[in-house]
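Below, subunit A partners subunit B and then partners subunit C, in two separate complexes.
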Partner chain A sequence: MTEPTRYGRAQGGARKEDERFLTGRGRYADDLAVPGAAHAAIVRSPHARARTAAIDVAAARAAPGVIGVFTGADLVAAGVKPLPFVPGFVGEDGRPARSPARYPLTPDVARFVGDPVAVVVAETAEAARDAAELVAVDYEPLDAVVDVRRALGPAAVLAEPDFGTNVAAFHAIGDAVRVDEAFASAAHVARIDLVNNRLVPNPIEPRVCVGEYDTASGRYVVRLPTQTAQSTRNSIAASLGVAPERVRVIVGDIGGGFGMKTFIHPEDALVAWLAKACGRPVKWRADRSESFLGDTHGRDQWVQAELALDRAGRFLALRVRLAANMGAYLAFIGPVVPLRAGVRVSTGGYDIPLFRFEGRAVLTNTAPVCAYRGAGRPEAIYAIERLVDVAARELGIDPVELRRRNLVPRSAMPYRNGVGETYDVGDFAAVLDRALAAADWSGFDARRAASRATGRLRGRGLAFYVEWTGGEMTERAVVEVHGDGRVVLLSGTQNMGQGLETSYAGIVAEALGIDPARVEVVQGDTDRVLGSGSVASRSLFVGGSAALAGGKDAIEKGRALAADALEAAPRDIEYAAGRFCIAGTDRAIGLFDLAARQPERRFLGEATVTFTMPSWPNGCHVCEVEIDPETGEVRVDRYSAVDDVGRRLNPAIVAGQVHGGIAQGIGQALLEACRYDADSGQLLTGTFQDYALPRADDLPAFALGAFEDEPASGNPLGTKGVGEVGAVAAPPAVVNAVVDALAEFGVKHLDMPVRAEDVWRIVAGGRAPR
Partner chain B sequence: MYLRPATVDEALAALAARPLAVLAGGTDFYPARVGRPVVEDVLDVSRLTELRGIRDEGSHWRIGALTTWSDVARADLPPLFRGLQQAAREVGGRQIQNAGTVAGNLCNASPAADGAPPLMALGAQVELARFGARRTVPLSDFILGNRRTARGADELATAILVPAWARQAGHSARSAFLKLGARRYLVISIAMVAATLEVSPTGKITRCGIAVGACSPVAKRLTALEKRLLGERLTAGIAALAAPAHLAELAPIDDVRAAAQYRREAALELVRRALAALAAEAGAGRDWS
Partner chain C sequence: MPKRLLTLAVNGRRHEIAADGHALLVDVLRDALGLTGTKQGCDGGECGACTVLVDGAPRLACLTLAASVEGRAIETIEGLARSGRMSALQQAFHERLGTQCGFCTPGMIMAAEALLRRTPHPDEAEIREALAGNLCRCTGYVKIIESVRAAAEARP
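This part shows the complex of A and B:
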């Protein structure tokens, strides 16, 4: 169903939105001047778990400029309901998955450091913060559990004692008996036990929300940077106990989301409720410390994986047991990340006929964990790609050769993997070969010798990944053709810096044969357009395909109107390059002239597309590291990648997406670690001084290549999701390289982030003391 | 009360009258007060431009108390200051370097202060003024502990004085600075090392200063190592003279950034590298002065 096209390709590197961003004219929620807005400051728990029996707000209420002070009990008394989370999960006992009820402010027990317990609304943000310090909460500290392994151990402290277990949700896939048999008869079994480190998403724009309430209409407006306007609206409405139509969510520009700005956060519902309670618009903006404490975090999985191989090095079966730290409450799609999204690609690019998965979503007294760039797939690919390297080393088989023997061949497509997912297209072996060539894989020995000569250790690692993208597979687009020469596309997906305005404008402009500069893209206003937002790398292939269909529908709608205007039969009307023309004549009317003749000086095209086939981007990333054995410092020296993201509409945007993902992946592999004190549950890495984000000088120049021979079969653009691939592939590529560099010391695995000290311990342990 | 005097005398008079929190670049002042109002009375010294700049005063160099890290990095200084200039380029990020002052870095007295090791290895002194009086204190005696200094409440640090090195004919001096952290900058260091060496025309070490930071509450001079190096020829073999015993006085801590044992070992390695780097430059006949 792929159509040959060049949508947007001709536009080169500059993006439609770049000038606005680069000249400081982005419209972010914090920039909004909302007349009469009051400011909220939130009192957050300093304890990992504590009863909040008595809260004395008298002093805060009496402070200068204070409009109101509210606690969780006030919200509950007013009928506010807990924030929803997706149904459909069950616990180990088979009963529906449970989470402690999460109200916008917790009314009884604070369950993590940073859990909101009270809010002050005041005339200024400063007054609100000053008064928030006067709120006296009588905390009764309770035992807390932080680490997921401890949470599953015997006699573990229970994050929510009423539940009797820390396991909130359990999910199993595959035939355990057949997998056990395969392992029993295997010639070799490789095993790995690893932790996928907890990360703080840290978009440059912190979360902000502004709530308004209109007494006359009884409607709420919440302005905030969210990737999923409709879902966020629905959740706010659910928490307020009103119909979704009584809430309007408006999104401006977003300074990065990375999955963290999806769905519902407590403050989103809180500002709406406060706006009504105070009779004023109410604004809340996180500072960076609050972001560290109160944003949803990412990853944090304990994974045990085993791979059974036959004598020829063929993979027979894979067994994965994982425990995912969900934090103190199930975030909206919290358990989806480890139990449903990631597991789809647990077998990676390999033909592994038998698969068994047991996953547990575990409650602890930490910030809730939810989606972060890749959301489950980075964890799954990290496990399989580390495991394949372990197997290769144990068997003495070259890691490239072992992968080659087991990659799903092109001839097997469409291929149903061991998990039960179907990959439509792909030529994994060709991608692997191209990546090795791009990396100058064969030139490694000379580079290693050169490193040796300067006293450095050099290692190389590769990672082959397959990624699932799509999520919600339906999207709608409305294309408005206006008499003043503009075309407006309304889409329920959401630009958050990934260049969608450029890509969509290119698609619609090409469908209509007009200049892309005429196309405006409108997103993120639930009164104007609904949709599933931008998650799971779905926007271009689902939303972009809808835009294309909407553009085509506009031509059809225009054809009927043009027939009327030109007094001809619709079948005789041809359309090209902005003009409707009676075939074989010179009688024609321009697209915009036609719109100007309509009663509202516009006409609409609209389309809803629904796909059944996710897109399966795949690729191979190759990393070389150089290690200073005396200090243990690891430097990423070379990094190259070949990614099959299907047809690239805009190569510059694709490269930008891959760059960003790799940077975050290298950050996860070498620098970023969110750590809580194991006993007190205090966040130890609450600032950028202790939470090391990668900077430009931590990264080499990336050599990126694209493989476009296997366009996606499931959408007319032939494109596959690209937003997350770098973050999926980079961690195993980097860690495989580090472990390779340290092979002579007999190291099998190092957990991320691989710090200089960890490397140094390996090296220092392997040589005589000085 | 917020005072911003135009002259040092006015500032000293104000300090004599009441306790004041001294504010220069503000890069430590503000982070220490995030989320709460400034309740202290403040003496903003940023108008005291007479305290800004680096001057050769013969027997010593004067680094005025308002000299920023960027000033140091950009200044045309002899190789003696190379280590301090390396430190200046790795303090925080560029904005911090533009605002933060070297003297403020010392007065803030963080165990991980980037300025302490290179200045200690230069044998620097801190000039303290009070109304009508002035004194100088060796840097090793000035920083007393974590966030504690010898500055009296009525005193203002007015300059850092670095003694002249290589005053005898044919002698030359040079310094180096190395830092280890999770990233190269904008993080709190795991360990820092500074070394200053003076050599005679015959290549013998005639004077030296070696200091380690972030491995004890106050950056420390490695006096035993300095003694060991005196009289040695500056060759590639010099690095091997540094031994674990020379770092015995360090008291590194275990924390989320690194374990004590790693800090100690890394510090030794950095000492050796700093010495090796200086030896290599000497061997290469670089410009010593």
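This part shows the complex of A and C:
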């Protein structure tokens, strides 16, 4: 169904949305002037688990500028409901998955360090913060568990003792018996036991939300940076106990989301409730330290994987057992990430006929864990790509050769993987070859010798990935043609830096044959447009395809109107480059003139598209690291990648997406680790001092190549998701390179982030740890 | 805290504002002067989003008392464009896709502006070092570096 034209390509690299960002006129939630707004400050639990027996708010209430002080008990008494999470999961006992009820403020027990306990509303943010210090909470500390391995151990402390288990949800896939048989008869079994480190997404814009309540209409307005306006609205309404139509969510510019700004956080509902309770607009803005404490975190999985191979190095079966730390409450789609999203690509790009998966979503006393760029797929690809390298080393087969022997051949497409997912198209071997050429794989020995000569160790690693993108496969678009010469596209997806205003305007402009400068894109206002938002790298192929269909529908609607205006039959009306004309004549009417003649000086096209085939971007990333044996410091020296993300509408935007993902992936591999003290449950990494984001001098330039020979078959643009691929591929590419550099010391595996201290110990001691 | 009258010269204009003695420059710019282009991304000194120029040198507005820069020339992102035209540096960020979500961008551009004023033709390492205090979570810095290089190359 791919169309020959490449929609939106004509526009080149520069983006429509840039000018406001470059001149300081972006419209981020914290930039809104909200007349009469009061400010909220949240009292957060300093304990990993504690009963909040008594809360004395008298002193805070009496403090200067304070408008109100509220606790979880106040909210419950007022009828506030817990935040919802997606149904459909079951526990190990087969009963529906359980989470402790999460209210915007916890009324009884604080379940992690940072759990909101009370809120102060005051005239200024400073007054609110000062008064929050005066709220006296009588905490009764309780035993807590933060580490997922400990949480599953014998006699583990229970994060929620009433549940009798820390396992909130369990999911298994595959025929255990046949997989066991394959392992029993395999010539070789490779094993890995690893931790996929917990990360804090940390978009540079912290979360902000502003709630308003209109007494006359009984409606709430919440302004916040969310990737999923409609879902967030529905969840806010559910928590407030009102119909969704009584809540309007408005989104301005978003300073980065990365999956963290999806779905509901407690403050989103809280500001709405406070606005009504206080009779004022109420604004809350997270400090960075609150972002570390209270934003949903990402990753944090313990994965044990085993690969069975035959004598020829062919993969026979894969067994994956994982435990995903979900934190103290199931976030909206928390269990989806490890149990449904990631597992789809557990077998990666390889033909592995037999697969067995057992996944446990585990409650602990930590911040809730949800989506972070890649959401499950980085964890899955990291496991298989590390495992393949382990197998290669154990068998003495070159890691490239082992991959080549097992990659799904192009001739097998469409290919149903061992998990049961169908890849539509792909030429994995060609992508691999191109990536190796781009990386000058064969020139490595000379570079290693050069590093040696300066006393440094050098290693190389590669990772081949396949990623699933799409999520909700339906999206709607409305295309309004206005008499004043504008076209307005309404879309339920969400721009957050990925250039959708530009890409969508290009698509609609090309469909209509007009200048993209005429196209405005409206998103993120639930009174104007609903949709599934921007998650799972779905926006271009689902939302963009809807925009294309909406543009075409506008032509059809216009054709009927033009037939009226020109007194001809619709079938005789032709459309091209902004004009409807009667075929074979010079009688014509312009698109915008036609709109100006309509009752509201406009007409609409609209379309809803639904796809069945997700997109399967794939690629190969190659990394070379250099290690300074004196310090153990690991430096990424070369990084190159070839990605098949289908057709690229705007190559510069695509490259930017890949760059950002790679940087986050290198961050995960070498720098970033969110840590809680195993005993006290205190968050040990609560600032950018303790939690290192990659900085400009930590990274090299990345050399990117694109593979466009296998456009996606499932959407008319031929495009595949690109937003997450870098974060999927980089961690295994980097760690494979580090392990390669340290192979002479007997190192088989190092958990992320690889720390200079560990590397130094290995090199200094001349051997591997453990 | 008693308020006092501050006179600040921002983007070539004098502003008189009543502010607390301990008011931070970032808050005065954003809240009192409505110059919301300057961003705040951390609790102090860790992200660079609030970078402005004071007498041509980069300063973190979140760590600067407004009262301490009275009488000094303060420049923010809003002051770079001239009569509605983006500066060459802003234009380079536009052409090279040096911005994605835009949140780090004002601070990044001000830090780069300061670099180019003191080192008109920096090499890549100098650019990376000058921008190392400015966190960007979107770009991996690749196109930011390219943007700054392009602006430098276009200079006489």
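By our rule, the second predicted complex is superposed on the first by the 766 of 770 C-alpha atoms of A that agree within 3 Å, B and C clash if a C-alpha of one lies under 4 Å from a C-alpha of the other, contacts with A are read in each partner's own complex, and residues count from 1 in each chain.
Note that in this section a contact is a pair of C-beta atoms (placed from the backbone, for glycine too) under 8 Å apart; a residue touches a chain by one contact, two chains touch by 3 or more.
Keep in mind that what you see is a predicted model, and the values were worked out from it rather than measured.
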Which partner, subunit B or subunit C, touches more subunit A residues: C
First, second, both or neither for A:T631, with subunit B first and subunit C second: first
Subunit B versus subunit C as contact partner of A:D697, first or second or both or neither: both
Which of subunit B and subunit C A:R416 touches, first, second, both or neither: neither
First, second, both or neither for A:Q689, with subunit B first and subunit C second: both
Touched partner set for A:G24, first subunit B, second subunit C, both or neither: second
Which superposed partner A:R601 touches (first subunit B, second subunit C, both, neither): neither
Touching both subunit B and subunit C, residues of subunit A: 287, 289, 688-689, 694-695, 697
Contact set on subunit B toward subunit A in their complex: 34-37, 180, 182-184, 186-188, 190, 244, 256-259, 262, 265-266, 269-270, 273
In the complex with subunit B, residue positions of subunit A that touch it: 129-130, 133, 287, 289, 630-633, 671, 675, 684-685, 688-690, 692, 694-695, 697-698, 755-757, 760-761, 764, 770
Residue ranges of subunit A touching subunit C (in the complex, touch as defined): 13-15, 17-26, 28, 30-31, 33, 202-206, 253-256, 258, 287-289, 496-499, 652-653, 655-656, 659-664, 687-689, 693-697, 699, 701-702, 726
Footprint of subunit A on subunit C - complex, ascending: 30, 34-43, 46-47, 49, 76-78, 80-81, 86, 90, 93-97, 99-106, 109, 124-125, 127-129, 131-145
